[in-house]
Amino acid sequence: MKRWLRIQWDPIDEAALAHERTISRGIGAVIYFLGVVREREGEANISAIDYEAFEKMAARQFEKIFEAVERRWPIESVRVVHRIGCVHVNEPSLWIEVTAPHRGEAFAACQFIIDEMKKVVPIWKRPITETSSANLDRTARPGTNH
Amino acid sequence: MKRWLRIQWDPIDEAALAHERTISRGIGAVIYFLGVVREREGEANISAIDYEAFEKMAARQFEKIFEAVERRWPIESVRVVHRIGCVHVNEPSLWIEVTAPHRGEAFAACQFIIDEMKKVVPIWKRPITETSSANLDRTARPGTNH
Amino acid sequence: MKVLVTFHSYFRDLTGATQVLEDVPSGTTLGELVHSLQKRFPKLKSMERSTLMAVDVEYQTRDYQLHDGDEVSLFPPVQGG
Amino acid sequence: MKVLVTFHSYFRDLTGATQVLEDVPSGTTLGELVHSLQKRFPKLKSMERSTLMAVDVEYQTRDYQLHDGDEVSLFPPVQGG
């Protein structure tokens, strides 16, 4: 199974990711999942979410999830992008692609990846409201004027 | 719920479809499904599938599926493209997008649409093998040199 | 009354026809129409258990009462996707 | 032996620290280390039931025996997606 993970500060470029897809002649199903930041977080209206990752461990935990996927289903490839830093409402924070011979296993694997990620991958979020957004210094990308 | 259906001879333009997506600030999940023509159809290796639709009835049956989706889940929008005519191995014949506040309902609705489509939407396929591909006249697009 | 019957997919091959215009007595059911077509097109009879029936754009069962001008479609199991 | 402890997410706010370098006796368990940190950082104690523990890049339980040079991480429940 091909595996590909990126944890990145840059916006998720759906078009580029779709363009980079390669599938074998045995593939019948491709699923994309986009997790998008919603305006409503619990009781509050927010303007963004500031994501933080413990990257080295996140990569290892995703790898273990991918290993579990490979053991359970005949998946050809999994690609995952998780954005970190400040992600505004309506923007995707997560992009997952699964390709497989049949849709049943593709849907199952994609949902499994999301469910497991939410249990074990060390990524955290901090909601940004209008009033809190003045206080965003620490989310600045290292070495850039973010 | 926004609904959008296209049954078309032209190739499915994923990038354009993704670009045309609009979502409200309450959306947390976007799912795309691509159904791709596989090389293996039953026991035979094929080079393409020739899809035929009874278009007027297909549109009506999709509409009924969309109505059922709307009754069952809080989906914001559904877009479906089914290609007809000759679709080669590795090319998508089906593209579905579902947007919803949460991923659970988005996954459920997307799978429901595919399952129901396969039961009721009048579309048929004819596998094209290398030897049969000389005999493709009747799949020509009306009015074009396809 | 006149009823237009359209064959889809390989039902065209089985019957050698895309459409036939049928003249049936008032009160004829969809099942009776299909039965008479199966007599005329024996290969259609062999697909009896796999024949789907629609009038206009809706599926109908054998006991549907035909009306003048109805557009009937007969086709094998669908295979979208 | 020396153990480097990193706090993630709002555990940084609770402790006022990103990292602390701890000197612990040989044979100390992860649970004992966390207990001593909870004494020093009382707000961490309030999150006792929601504290996840890792050594290097793997989750570990309280009975994990620390080694010299271990990199320990403490953090609240994860929220990716």
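Going in written order, the chains are labelled A, B, C and D, and every chain counts its residues from 1.
The rule is simple: a residue touches a chain if its C-beta (ideal position, glycine included) is under 8 Å from a C-beta of that chain, and two chains touch if they have at least 3 such contacts.
Remember, predicted model here, so these are calculated numbers, not experimental data.
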Subunit A to subunit D, fewest steps along touching chains:
1
Please name the chain that ends up farthest from subunit B once chain centres are defined by their CA atoms averaged.
D
Taking the mean of the CA coordinates per chain, how far is subunit B from subunit D in Å?
50
Could you give the separation in Å between the centres of subunit C and subunit D, each centre being the mean of its C-alpha atoms?
73
Nearest whole angstrom, what separates the Cα centre of subunit B from the Cα centre of subunit C?
26
Pull out every residue in subunit A that's touching 2 or more other chains.
35, 114
Taking the top-of-page definition of touch, could you list the pairs of chains it picks out?
A-B, A-D, B-C
Along subunit B, where are the residues that touch subunit C in the complex?
35, 51-54, 56-61, 82, 93-94, 114, 117-126
Complex interface listing, subunit A residues touching subunit B:
14-15, 18-19, 23, 25-40, 89-90, 92, 101, 103, 107, 110-111, 114
In their shared complex, subunit A is touched by residues of subunit D numbered 6, 8-10, 52, 54, 56-59, 73, 75-76, 78-81
